[in-house]
Structure formats: C-alpha cells, structure tokens
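Both complexes shown next keep chain A, but they swap its partner, so chain B is in the first and chain C is in the second.
Right after this comes the complex of A and B.
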C-alpha cells in the first residue's frame, strides 16, 4: 500500500473517532459523516430516478432509528461496514466513499458483493457481509411500512401502485409510531456507533 | 405448595391444545391449559410488514420473544449455530394463545386417503422411514368434518375429484375470485386439470358470531383485526372457558413432566409469568407444543422409569422431523393481475398429489398469498440485479404482474432429521434448548422439482411471458409445517405414541399435535392436526370417565 494512502487512513480513522462523540442533528446514533457515507451507499442500492429512491424514502433515518432500538446490541457490524467502505474508497481513490463518482461507488459495491473488495478494508470476507447487511436493511427501509421511519410518505408503494389504505387496528399504531419518529434528537451523545 | 389436582393439564394453546381442552371441559372435566406466549385480542393485530410471523426481519409479532429463546441448528457441514426466533433456520411457528392459528394463512386441507398409506401405495424408499399411518382417512373423516364446522371453513371443493369421501360440504362459500384466480382457473381447465376454490379457515360470510373477511393485504403472518380468520383462540377456546371448567394460564412455560415410580405422569412442572416454578398435578397430561417443543419437553422429562426421556425408550422421540418442501414457480404476466384483494391464495389443483410416474407422492398446487412489497424483493429471475437501477425497474414494472404457484411437497421422512437437547445452550430459564440436525431426503427434492415444473406449465398456460422456477436445498426441513417427531404407530419399538396419541410406555401422557404425523401429506397440515385433536379429545374423555 502506498505510504500516502496509509497516512490518510490513519488520519481519517483518528479524525472519525473524535467526530463520533455525538450523533448528527436529527439522528439518534449516526454521526454526520457516518450518515453521509450511508446515504451515498443506499442511494446506489435504490437510486433516485423518476421515482423516489432510498434517500428520499429516509432509509438512513430508518437504519438510525433501528440502531437506537432493534439493532442496539448489534451495532458493531454497522461500524465495521461504514468504516470499511470508506477505507476501501480511500485505498482505491484517496477520497471518502460519499465523494466518489457514482461509477466508482458502484464498482466498489460490486467488489464487495462478490467478496472481492480490499482485504485491508474488509479483512474477513472482502466486504460481502457488510454489503449484505446494508442491502437487506435498505430493502426493508424502502419497501416496508413507514412505522419504522423508512418508506417516507409511502414513496415505494406509490411507485408500485399499492394504495396506503388505512387498516383498522393498524392506523393508530402507525400514527403513534410516526409521532415517535418525529421526536427531536435528545441523545446525550452516548448513543454513537 | 402445589396446586390442586385437575383432570387434565394441556401444554400449548395452539391449533391442537384448545380443541382437546374444549372436548374435555364441555364434558365437565377440569382442565388447565398452559401457554408460554401471551394473549392477543383482535385490536392487537399489529399489522407490521417487517415484524410478523411471515416476514420476521425485525422479530415475530406473536412470539417467541426476540431474546431468551434460542435454538441450535446443525447445518449440512456439521456446523452448529445458535439461532434466535427471527432468524432463518429457527423453524418458528408462534408462541401465543392460538399458536399458529392466530396468524396463519388458514388453508384448511384434509389429507388425501393415500397420504395415510404411503408405504403400501409406493413401497419402501431407501434412506427413508416412510411408513403407513396406523389410522386411515376414514378414521379421521368425522373429525375433519367437526373441525370444518366448529372452527369454520369456507371454500368449494365440488370441482376436486382427487379427495376422500366426505359426508357434508363446507359450511361457507368461497370468497369471490380475484383476477389471478380467473386467469389460473381458465388455464387449468384448458390443460384438462381440475381447479377449485381452496378451503380456508376464514369467514367468507358472517359465521359463528363473527363477521366476514374484508380482504385486506395483511393476512398470512398477521392476526385479523376483524376476527374473520378462524383460529382456536376465537372458537373452541372461548367455548372451553365458558364452561367454567377450563383455566387458561398464559406466559407459563412447561419444563418437565414428572412421573411416579410406575412411570405414569403426576402432572406438569412449569415456570409461571412471574418466573416462579409451579407444579400442576393432573390425572392426564397432554403435550401440544408443536413438533420441535413437544419433542424437547419429552426429552427434558427424564426419570428412573424413563431414563432417556418420556416415550423415548427406543430412541424415537425427536426423530423424523419433517415439514414441506415449497418450491414452485413465478410467472410474469403480460397484463396486470394485482387487484389488491387479500388473502390472495384462492385457487388450487390436486391433480398431482399422487399418480406421478416414478415419484412417491407429490403436492397440491395453489397460487400464493398476496405479496407485500417487501416480500416481492427476492422474487426475481436470476438475471435481474439485486440492487441498483435494474432492481428498481424490475420492481416497478413487474410487481403488479407477478403470479406465483407453489405447493407443499410431501416429504420422505428421514430418521436422522431430529430434535435433541443441546448440551450447552440454555434458554432464559436455564433449560437446555432444542438442537436441530439432519437433512432432506434426495427424493423429496426430486418430487419438489417435478412439482415446480407443473407449476411452470400452469403459469405458461395462463399466459406468463416469463417464468422462473424455485429450487430447494438439502438442508433440514420443519418450519411452520413442522411434524413427525413423536410418530404414531402400533409398535412401541418403532413409534412414540399409539393410534390414540398416547405415549406407549405411559398410561396417561398424550401427544396431540403435528408431532404424531407419520407422514405429512402433500397439504398444509393444520386441519389434520385439528381433526386428530378432536379424535384424541374424545378418547381422553372416555378414559377419564372410566377411571374415576
């Protein structure tokens, strides 16, 4: 590995570990940088075209909420995934993932899917597990119901032509969940990845 | 201090337990029904696309709870993994009052007469413990009828020539057909097959004091907010409780069946909702905890007369775990078929349950339940990318034109597909958990592949412009159709319970659930489980009446 790259990574890692002291405004767990990386990632998985994509659907928000709840005790793989993809981007192009051109982002994701990304970024499996993790939660955040903070305004269901009918017994729960969703970030800063 | 003695204690308030409870309670016998899960009312229906009994990506809506209830799965390579209830391979059904019947798809199949006589019909299959049932279709027929009328089934079987004789039609007509139904019906007729409306434990019209289905999108895997789906929790259980002779205790987990010196059960030890160990004495014990947990409970119940576990003298408890191998085919239609009408599954054929040259059995084939967007994500042909613009375009253009046909392939039982107690892993109460290991028989895969081809033929005849078949791996089966672990048979050396569901070497312990199935038919199992429960209930009632 080139010395220049190594230094940048070391600097990045050091910088990111202090910037992770508190979650970004509006989020519960993810730092600003982590959220940007994740947003660029999910945007490649379900891109915006004539219809909304993962970004507009609030998939980052969905994952962030889960990291504060369902995934609370399973945060480590997310941390490794977000660090890994940035390290991979730096090794190849000396830039963080979210600053890469879409073509390069896609190339890196394809390598990860095939388990062939740099072992320096993903020592165990060349990025396969990280890729599958983010893919599965992106699908859930995009196509699932909005209760958990994704599929904002039912954008994916609109795309598919599936009406968002109010169902008795479901509605009051969805509404309660949406109110919960809008709560401002009150985290003390301990809730980081 | 132990509780006062009752006539019967029943473990598990799923498909089977409440039926036995009702049969005993209405005859005046005292019953305690223990259920490890909670009670949910219809307004607790929790319609959550990501957290339900079908798509448990964020957990199960109706149990078991996310933590504290692990199981161990040994894969084909011999690798053991600890699994939580929301992970694939856990083989979850449900843990709540009603068990699987609170949230099931509610197909209500009788097995075919030949399903009880597989070995006589087809001969032995190498590497399989394939056997005849000790009872026949005719023995169960009156009890099938009872289940259909008491729990409530809609549908129209008149167009199906491949079924056993029945004395009464179904109590309710089918729901009106969907677009998909009409397309498939025409296509099947054109092929010379015999399509008909699937029997369903669902009110198509008001029945039993409950309203009719409003055809929502969230049915299989969800409870019904209208209470239009018929389970044990809204039928036999209220009847049992109304007698005043039956007590339901929820969040109570049975952990042992203690026996006396002769080896007969004295009652059940369980951990109550407060985490306290209790002992409920009873004259009779009925185990209805579903195939994985019933086997586990028997193996946990060791005593001097039953050194290897209750009913396990000849090492048959936990063996022959089976389910159904679901393969089938997807088709992309030229026109939109999606009409947003639940429950979705509505049309079936039984032309291929038997009589397939070279194959030991087959499967009923039916269209699939309505697909929620998240459930459609994996349903793509191999050349469509899993993500990116190609994925999105496929979902956008195909979602409303996708039709799936599939069926529960009858499996060849495997002796080494089994439940044991894990030597290390414990649940939240410190009790050894189920360790599941084994594989699917190669012939099961052959049959299911042949069924996928039939499904494909059907879709092509219905005008599919593209089709892609599903295949199955060799990994262990079980799942929501789990069965077989306490085989019924005449010989104590090669089975666990007798034809009345009573454990061979014990006078007063019964297993009543899918565990006793010798083979699991080419049909979803619940109506057979219910029929067996009515039949066993009647037998137990007679026994209790006799030995006062």
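Right after this comes the complex of A and C.
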C-alpha cells in the first residue's frame, strides 16, 4: 500500500469516528442531549410525586440498554422521535424540550398524543407514533423486572406493594389446606412435619 | 523459519500482553476498570458499600495470580466489549461465586467457620444425590431456588436423571463438594453500608455505630441473578388454622421465610414453615438460631429458667424438630403440653 493511500484511509477513519456522537457517560447509545430530552419526556409521562417516577426508576438507562442490544437495528425511530420533539419545542418555544417548563412540555406531549404536533417536526403522523413508542417503553422500564435495567431498586413495585420476591412454598399450593380452610371451625389442617 | 519465529514472537507477545494489560488496569483501582468496562453501576455501588476499602482484586482475582481462567475471562470480556455484546447487568457465573467463597473466608474467618459447621454449608453432592429424598420428591427446577441457586441452568443441566428413579449423578462432577448455599446467597458485597466499626478498649460499643441489620443481608434471587436487599423482602401473614399468628417484626426473618416458606394458605407448619407458635410465638428466628451456624442450644439459657418457673433442663431437654411427636418441640410447644390439667394461675404477690 502506498503511503498516500494509507494516510488517506487513516484520515478518513479518524474523521468518521470523530463525527459520531459519543454516548453520554454511563450510557451506551444515547448522546448527552438525547438522554436529557428522553429523561424530560419520561419524567412527564410518569412524574415524581410522593412516589418515585420514571427518572428514579432509571427508564432512560433501560431504553439505552435496549437500543444497545435488542433494539440495535431499530434505533432510527428513537432518534427521529427525540429529534422531532426537540424540533417541535424549538418551533413553538425556541428552546430544546428538556429546558421547557413542565406545563409546556405537557402541552407538547398532548399534541403529540393526539397526532396534532407540528408536521415540520413530525411529518408523518403529527408525533402520535413517537409518543406511543416512548410511552410503551417507559411503562416497560418502570414496571418491569429490574433485571432488564429499569425499575431501579424495585421502586414501582414498592409503590404498588408488590414484593420483590414473593414468599413461595415448595409446592406453591396446598390444596388440602385450602379445602380445610374453607370449612368453618376446621380442626385439622394439613401439617407436613 | 522466519515466519515461524515471527509467529512464536506474536504468540508470546499476546500471552504477555493480556496479564500486562490486566495489571495496568488493576493499578488504577476500580475507577480504571469502570472506565473501560461496563461496570459503572457496580463500581458506584462498591464505592458506598461497607467493602469500599477492599480493592476489587481481593474478591475478583488479580493479574499476578497466574490463573488461566482469570485471564481468559478478561480476554472474553474485551471481545464482548468490542462486539457490543456485554450482558447487563453484569453477572457472576457459578464458578465465580464459588471462587469468591474462599475469598470471603480470608477475612470473615469466624463467620466462615460457623457457617461451615452449620447445615447451610451443605454440598451439591449431599443435597442432590440424596437417594432417599430424590425417591420421595423428584428433583425439579424449583429446588434450585433455595439450593444451588447460583447454578446457571436448570435441574437437567445439573442432575441426571432429573426424576424419582436413580441412580443419580451430577453432570458437572466438579460441583460435588462445592457448597450449594454459599455466602452470596444471603450477602451482597456491593450493597451500600457503613464500614464495620473497629472496636477499641474504652470506646462505646461498636453496635452504636452499625446498622441494626447489616446492609449486605439480602437474598440472591435466582430469576434475576441479583441480590434483593432484605428490606424489600416480605414477611408473610401466618395463620394457625383460623387464628392469626403473631410474627416478630425482625426484618431479617424475611430472608429465612424465602426458603423456609409456608404453602400458599399461609398456615404455620405447612410446607417448610418454622414459624414459632405456642409459648415461643412472636420470637424472631434469630432469637434462638445462630446467624451462621443455626445452632440453638446456647440460646435457650439466655431466657430460661429466668422466664419460666418450670425448672426445665433447657440445655438437655428434648427439642428435636425432626420428631413431630415431640411435645417439647420448641417451634410449637404450648403451655397445655406440660400442664394438661390446665395452666395454673400465677399467685398474686402479697403486699
């Protein structure tokens, strides 16, 4: 290989690697800006009140993990959704979505839910598909098992009163005991000693 | 010849590069590891854990150990990292858990000795090759929820045949002598917590500075392959037929109930339940059982005979649990068992 060719390839490789948006610290796919936008979005869908919300549950981390793995080949709708909502926010309020006040964020999301967001931001359906996409994965990340990366420290299960690991006997159901319990003043329960 | 020399040189360089790179990252502490691997979450947890003064290498091995498995694992991790196939959350494998066991023992010698002398140190061989038990209750996947929970795979991957008909053998014979309920079943090393207080003569009792429940206490949940802190484990509502049974509020018991669990109706003594009723109702498991050894004999004397006037020889009396006919079974002995004619009313003190 000639030196000139080698240098050209090296320069192109370096340029292409620089042009890629690097993921935010702690994330694998989403850039810092995308992560902030997505966090603001999911926070509006499941806000923090007396209980933890989507932010505390690590929904952004859950989605980022999916985009790095199972959804690796389906990243484009996510990128479009995040770019679209930011564009919509700029068009309406001249600010990125994550810098808007909560009221304005909700107003924008309501427009998307109804499919009435700016066609300039969401040319196909006024943001309805993007809204549903993020909503569905936010719910998965918030209510799913923490092993998938969301629902950090079982926050949603704690809110619902669902035990992290239920108390479960060996055979789960003691049919004999159930039948006995249905009888009032039953004197003989099954005892497996 | 020249090519061969070059190849040998490359292979040698590769062999030396792996431990050299491992050593380079080790020298930077956990921060260096978390920078290049997907270990950020684990590293952050460790930073606030009671083990934060213990370097990663103490538990996870080090480059100079000469372990081929250690270096092979690192090479595979780099491959996964480059291919973007890193599992998350990062999980330890069966062999990793068993290797860590010896490292726990390096510091926690007393606890390890107590655990070794107790029933929870039972080996895979004793548990799964017990012919009498296997004939009575055929091995199923659910067994692995409480025994051999760190094993990666189902009962068929562990035992052959997985049925009531023997003879049985372990498919991985190297597991035979390994503990089926190791330290990591009930302890998570990265859980946030205070450093263990070092007691010195003249200083206030160490217990004043410690959490009532050690933060490492939690259950290794086989499904998620994660440790669930004891604060998130439920205490069941128990019943003795139709009567609600009082249970001690000691949160540590939630850990015991995960495996010594009643059946779905929540009846005392159903399934593997050991909830005390009768005169010992409301006592915590840990009121009587030693944490690591599970022995109880010594604990009887802490309450008796001060709390009873029966003058029972509590150190030698029959408290066998295996004998369901024992009237003195401490889990359900009632006043009437010793006073069939009726419990005498306490005499009023004369003023």
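Worth pointing out:
We adopt the following convention: the second predicted complex is superposed on the first by the 145 of 193 C-alpha atoms of A that agree within 3 Å, B and C clash if a C-alpha of one lies under 4 Å from a C-alpha of the other, contacts with A are read in each partner's own complex, and residues count from 1 in each chain.
One rule holds in what follows: a contact is a pair of C-beta atoms (placed from the backbone, for glycine too) under 8 Å apart; a residue touches a chain by one contact, two chains touch by 3 or more.
Since the model is a prediction, treat every value here as computed from it, not as a measurement.
Contact with chain B, but none with chain C, is seen for A:136 once the two complexes are overlaid on the shared chain. Shared-chain residue A:106: touches chain B; no touch with chain C. After overlaying the two complexes on the shared chain, residue contacts for A:26 are found with chain C alone; chain B is out of touch. Of the two partner chains, chain C is the only one touched by A:164; chain B is not.
In the overlay built on the shared chain, the residue A:92 is in contact with neither chain B nor chain C. In the superposition on chain A, contact of A:65 is made with chain C only, not with chain B.
Contact with chain C, but none with chain B, is seen for A:149 once the two complexes are overlaid on the shared chain.
When both complexes are aligned on chain A by C-alpha atoms, chain A residues 145, 147, 163, 165, 167-170, 173 touch chain B in the first and chain C in the second.
Across the complex, chain C is touched by residues 25-26, 28, 65, 68-69, 72, 145-147, 149, 153-154, 158, 163-174, 177-178, 181, 185-187, 189-193 of chain A.
Within the complex, the chain B residues that touch chain A are 42-50, 57-59, 216-218, 225-226, 338, 340, 372-374, 376-377, 386-389, 391-392, 395-396, 399-400.
Across the complex, chain B is touched by residues 44-47, 49, 51, 53, 66, 70, 106, 109, 113, 135-136, 138-140, 143-145, 147-148, 156-157, 159-163, 165, 167-170, 173 of chain A. Those residues of chain C whose C-beta lies close enough to touch chain A in the complex are 38, 40-41, 84, 88-89, 142, 145, 219, 221, 223-226, 228, 232-234, 236, 241-242, 257-258, 261-265, 267, 269-273, 324.
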